[in-house]
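Just dropping this structure here.
Order of writing sets the labels: A, B, C, D and E. Residues in every chain begin at 1.
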Amino acid sequence: MSKIGVFVCHCGENISATVDCAKVAETAGNYDGVAFSVDYKYMCSDPGQNLIKSAIKEKGLTGVVVASCSPRMHEPTFRKACAEAGLNPFMCEMANLREHCSWVHEKGEATTEKAIDLVRILVEKVKYNHSLNEIKVPVTKTALVIGGGIAGIQASLDIANTGHKVILIEKDPSIGGHMSQLSETFPTLDCSQCILTPRMVEVAQHPNITLYTYAELESLEGFIGNFKAKIRRKSKSIDEKLCTGCGQCTTKCPVKKIPSEFNEGLGKRTAIYVPFPQAVPNKPVIDRINCTYYIKGKCKVCEIVCPTKAIRFDQEDQIMEVEVGAIVIATGFTVKQPDFFPEYGYGKYPDVITGLQFERLASASGPTLGEIRRPSDDKVPEKIVFLACAGSRDPAKGIPYCSKICCMYIAKHAMLYQHKVHGGKSYVFYMDIRAGGKQYEEFVRRAIEDDGVNYVRGRVSRIYEKNGKLIVNGVDTLLNAMPVEIEADMVVLATAGIANEGAEELAQKLHISYDPYKFFAEAHPKLKPVETNTAGIFLAGACQAPRDIPESVAMASGAAVKVAGLFSQDELTREPIIAVVNRQAPPVYSSCVGCFLCVSACPYQAIEKEEIKNRNGELIKLIAKVNPGLCQGCGTCVAFCRTKSIDIQGYTHEQMYTEVMALLNEY
Amino acid sequence: MVDLIKRAKELIETSVVKVLIGYEQGTANKTRALFVEKADDADRLIFDSRCVQNLAAYVTKKEVKEKGKMAIAATLPVMRSIIQLASEFQVNDNNLLVLGITPESKLIEFANLVEVETFVHKYEIEIDARNKEMLDKLEKMTQAERWKFWMDELSPCFKCYACRAACPMCYCSRCTVDFNQPQWIPVPSHELGNLEWHIMRAIHLTGRCIDCDACYNACPLSIPINLLTKKMLADAKEHFGAYQPSLKGDHLMSTYKPDDKENFIQ
Amino acid sequence: MNIDKRLVRKDSLEKLFDILKQNSKTIYAPFSKNGKTSFMDAKSFAGISTGHIQTSESSKDIAFPRAEKILDYSKNKEGMSVKGIDFADIPEVVLWGVRPCDAIGIGELSSIFNWDYKDEIYNNRLSKVTVFGFSCNKSDEYCFCTSVGGNPGNTAGSDILFTRMGEDGDYLAEIITEKGLTVVSLAQNLFEKSETLEREKFLAEVPVRFNHEEIRKKLDKFFESKEWIEESLRCLGCGACAYVCPTCACFDIQDEAHGKKGSRVRCWDSCGFSHFTVHTSGHNPRGVQSARWRQRIMHKFSYMPERLSVYGCTGCGRCSRACPVDMNILEHLISIQEVTV
Amino acid sequence: MTLGFYPGCSLKGSSREYSESVLAVSKAFDINLEEIKDWNCCGATAAHNMNKELSLALPARILSLAEKQGLTEIVVPCAACYSRLTVTKHELSKDATLKAAVTEANGLEYTGSVSVLNIVQFLDKYITPNLENRVVKPFDHKVACYYGCLLVRPHEILKFDREEDPQSLDVLMLKAGATPIDWAFKTECCGAGLSVSRTSSVGRLSGKIIGDAKDRGAVAVIVACPMCHSNLDMRRDAINSYLGEKIDIPVLYITQAIGLALGLDRKALGLQRHFVKVTV
Amino acid sequence: MAEFEPKIVAFVCNWCTYAGADLTGTSRIKYASNVRIIRFPCTGRIDYMLLLKAFDEGADGIIVSGCHPNDCHYTSGNFHARRRWIMFRSLCDFTGINTERIKFSWVSAAEGAKWAAIVNATVTSIRELGPYTEYKKVAKYPEKEVTHG
């Protein structure tokens, strides 16, 4: 038989001014199973809490109902008080007499009646409460960072600097990401590599960071604090321990005409290669698709010239399993190939290039050593046209959203062009200029006003080649929609920033959700921008949406703090308000029939399949099982389950049913 | 169904399946389920327009499942049921072979459930004209008239649960009505018990019911309970697009679209 | 009491109905709707069905309702107060148009409710019922009353039995019990004396299909037979057969609580349901449908004869008609008779 | 085999040679084109600027007549007619009220069961599969395939070819033995309906088209639209005066070019009707 | 005769509407006292059978309320709930249950005033409809049993 204590608080006069607290306590005292009932001026005060504690001890209470303010205010207070008196904190419930009653109704019988009802609901509910223990989840204090661009680098360093271990994986042979490809950066025009490479080196040398380049996530299991990740380390075909990075092999490799990914196809590389001179690690990999040895079975020049005998033609991919407690995804983005705009002639005319290619042309480390020269004939373009929104904000043919970074980099490109090609003429076709950001608007104004870039508000309908010139047909909407025709030497398309190819598969491996554009979805657009729906997995940088460098870095540091916060405890303590699937004695085992509709309903991928086996190890049935590490306790599955086989602690079927019954009946 | 008999014999003789579920002549002018376990019994198989019982109700039955791999002579509604059951992990290619009987009464053997799904998807689930008319009639009534209609129709229900037993989708080992802590549905077949049982049944079948009318056909009192599930089918189509059982497991009621439309939430 | 035979003119039946109504009798009679015939509270004579072979449901719920409140309770400071049924509230009922196979079922049902404990509520309800039996003048392939000791003109269980003499003929009324006589006394002049009363040639012919005594003996050794499994594989485990049966008497007790107050309700249950015999431990002694189907047959043809000296089957054939999967009890009984044990 | 045929006004008037060549090529492949009886104007450029319901009712009537005539597939060589018919089908399929209004206005039942083929779709489906075997005189010339604005637009509705860089005519001409040039004016405006009212604009717009075709070495321009043909062929004087030179590149309908490759009689293809003499 | 005071049961989620109702309190906005709130973690947890139970036990009106679309604390509980409500409400309507007696709303934690308005509007409209006699008649176990029909 329950022994419940009811503690009615006056909250000074906040409650008692409109509610007859004595009557509430008296009525509650008459309910079955109520062993103690009292009203008091301030229940949350020390004497108030002591009243509860001593009643628990003296009367041997099995449950407590505190009728005072909102549980959102003082539930932790009273639960703690109960715990201190030896009562399981989850045997304490609160009736909200202040916010939901005394403050919103006039003094009178009806208000007191309501207060009585509210208390009765909780008295009946608490009879069905069970002692619950907080869930403790151990934490593996190693973070996995996926992606070695600026976001991944920043997140790794920030986590590593809090003293925790980091495993950083990067799919390419070097870390650095898109930022390493950039020439100068807006709005300060400082050299991208100059600010990035020290960080890259720091990553490589940090004692807390283990870096695996040429590596990808194979699979992920587990949950917050306890992930098991399988990492595929793609074969580099070299022994990294022996390789000194001397460069003999890359110099001698006979296959020299492979378009360089780093230079966006504007430069060439060899089959055994280091993507760029400042690469970290600065050790080569063999591109097996283009290597003569792998194609024809002979060559091996690199092996011959290698002074340390580090070449390993028979090396295989390795699958490595690591245990990590948190994951930061920083896989970045890619740009939409502009060939979906045939009218712009990308791919047809060599001098129509993308913004990223222009970065390489403008970069001192690029194929032209920083001189702006046309890919077709190496001439310096005298007239250049930049097209904004080549795919962005174009629901019909491109993507509906704004790629966000283009307005700024176009201004930068035009400015760099003006700085490098004196007397050159540059045009920018744009829809709107979006330069929200510190020093951003000023930067664009500088391009227009100081450097004389011609901004034309309008779109381009067609580009074609004529007599060695690119004819750009556009319109100037500020000039009464007059057609504009420019004979340009070069055209740069600000192509849309889109999610990486394979983002969807990665999201599925990680059990995180993604938006309609395949960018990874944050847990809350405003308040949880770096969290995902899966606890313990965080986002940094442009894998969530197109982001510029400062934003990527800020996100990375944000994610790092989330990881550090998680790692600051040895165990995660979670409220046991989670779902559970019932278990019964054989031969039933559980009333769950294993339809797994709950799996598709769960927002957290917290429901797994459990095999029920008999003593002989034979599979009897499959039932649902809730992973307590992943379940957040929303209860969507509970309302879904046809057989009522799944229930949620703290809001069980019996508790909620009883609340409804108690609300409408005399007890 | 000479083809079916021949194929059934082969399947049993070669032990591809242990049991084949089909129809046989029953008593009076009824047809009924036949479980062919010996090749000779296959001669009793028949198929004609009277064979409307949804045999898929048997594929989840413990006693039948325990026999081993099953084959089933499946009409279109049966195939639909099987796809829905497969999407709920109740059957799979390892335990079930489908011998389809097309609406033109052609026998068509499927290599796997994916093929069954493809076949099933060729046909949209359509509510027949007579019932559509009945739905229209009910929708045009006032709410009070509908209340009276259902109170009258449901009052004879004595809760024999033949509707549940005949329904392939009611395979739960413990139905909500059998749940008594708390007692969600009153057990007695009084007005409230009947109303809540039938509301719950219809909701549980929403997005799962393939409209075979097995529940109605089974009802010994001919209560038009299938109108409830038909209404849900029609409404789901209007709100979320036409329902088709699908192996993808994108169940109508356990998924959502952020832009689901309604006009009643303030 | 000796059975008194009287003539009731075909157009006197309505007059009889009206007189009963004038005497505050509640009359339950069969009416047809949606192709099903059921007993309903008859407000007027018009529309009472006569052409049907059998009603969909038996008339047992006149004394054993499918759901009946047996008490109200309320909790108070002093403890619990309980209010049972006031038998005075149970109306006097005439059950009109009962077939002999249902009428005889009343006796079989009563034997269960009076086996050991005398069920007060059941007996009280029954005491207020006067049964107007109507002989059968047609039958169908499901009927087998003659195989279980009944016949289409059987008087057992009826207070008055009417037999229509010819397609559009007058009625022969056999007044069987005191209760019947009491009713007749309300309308003496409608029950005429006549010398030309004939009966047998107007009754339906129902062939004897099996020997129930033989079956009973066979069942003693039949418990472990594979037949049960083979015959019941298609059984879906619903309760239709039990609920339409005139003699099935299983019930469940439910408490419907509303806070301090509540009611206790008796409602039908069926041995065909898979959860019928589940123990609290989870163990189910009748874990498969064949065991449940066997229970149904054994109970009616072995246990009841053994313990109550009556068969639990009147041969009405309803269960077979109602079954959604053609579980035909007659077919199975014949096959049991044919099988050598 | 028989298909429905909707010529529209141009094919009965200024572009008779288009009609002639379509019929000639069809005949060569044993395809009977059955004209829709009592057909009316499709409404073309004017109607949809004036009255939406009317602009749908006109093509709907044509489609209704085709249905009545038992035709399931109709060939519509004129790009403008094709555009109007297809747009109408699209609009009526998604708006039941509009459909009801249009049906009532026409007094003819409309179900939308007729499928509409433009000239390229028609050739693709019925001619191309056997074209290469039947070519007797390969059209061995450099050609500029000109699509104009209507043949492939609006893409959302027509869902045919790539709207900015279409390929379908090029592919056909390749099969007929020609070498299609890569040029930038495939879908640029020819001046269209300004032909009469602002001939000089047409001269400029069409001039750029003809000029580029010539610069890239084309010896013929291939079209699939009577309007385009008129502007590029009939307005050659205006074009020449804009370009300041005399260009005599002929403009051929796709069906004329294919007809030539098939070895059909030049007169049967109506080649004599052009303003710019067809020398290829 | 005293004015009919309807009994209204409110099923609300913890994170938005419950908090919104708290804000109504802290803002001291007055509203009708007929409503009793039952707190759920999320609208996704609200079992539609509970709504029927409320009518069974004599409620005259019901409010179901949670986070606005896209604002669910659990991301999608309210989206699931919405789908269920669409179907459940339609089924109720089809069986003749008066759906005017069930008010669905989105009330965020910032919408204290909206909560008060919803409650007041519901109380007013239910008061006009009167007690839910039809349902109550069915829900209470009939005093006299009859066979059927």
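In this text, a residue touches a chain if its C-beta (ideal position, glycine included) is under 8 Å from a C-beta of that chain, and two chains touch if they have at least 3 such contacts.
Computed from a prediction, not measured in an experiment: that's the story for all the values here.
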**Report entry** Subassemblies held together by touching, subunit A left out
**Finding:** B, C, E | D
Report summary line: By C-alpha centres, the chain nearest the middle of everything shown is B
Report summary line: Chain centres computed over CA atoms; the one at greatest distance from subunit C is chain D
Query raised in the report: Considering A-C alongside A-B, which chain pair is linked by more C-beta pairs in contact?
Result: A-B
Report summary line: subunit D to subunit E, mean C-alpha position gap in Å, rounds to 63
Requested in this report: Report the inter-chain centroid distance for subunit C and subunit D in whole angstrom, where each centroid is the mean of the CA atoms.
Outcome: 83
Report summary line: For the pair subunit A and subunit D, the C-alpha centroid-to-centroid distance in angstrom is 52
Query raised in the report: Between subunit C and subunit E, what is the gap in Å from one C-alpha centre to the other?
Result: 45
Query raised in the report: Where in subunit A do residues touch two or more other chains at once?
Result: 588, 601, 640, 653, 657, 661, 665
Report summary line: By the touch definition above, subunit B meets two or more other chains at residues 156, 158, 174, 176, 184, 188, 190, 253-255
Query raised in the report: Which residues does subunit C have that touch at least 2 chains other than itself?
Result: 38, 57, 66-67, 256, 258, 265
Report summary line: Within the complex, subunit B is touched by subunit C residues 34-36, 38, 56-57, 66-67, 140-142, 229, 233-234, 236-240, 242-244, 252, 254, 256, 265, 267-268, 270, 273, 275, 288-290, 320, 322-326, 328, 330-331
**Report entry** Residues of subunit C touching subunit A in the complex
**Finding:** 75, 77, 257-261, 281-284, 287
Query raised in the report: Contact residues on subunit B for subunit E in the complex?
Result: 138-139, 143-151, 155-156, 158, 176, 184-185, 188, 190-192, 195-196, 198-200, 202-203, 206, 228, 231-232, 235-236, 239-240, 253-258, 260, 262, 264-266
Query raised in the report: So in the complex, which bits of subunit D are touching subunit A?
Result: 156, 162, 164-165, 182-185, 188, 212, 215
Query raised in the report: In the complex formed with subunit B, which residues of subunit A make contact?
Result: 588, 591, 593-601, 622, 640, 642-645, 653-654, 657-658
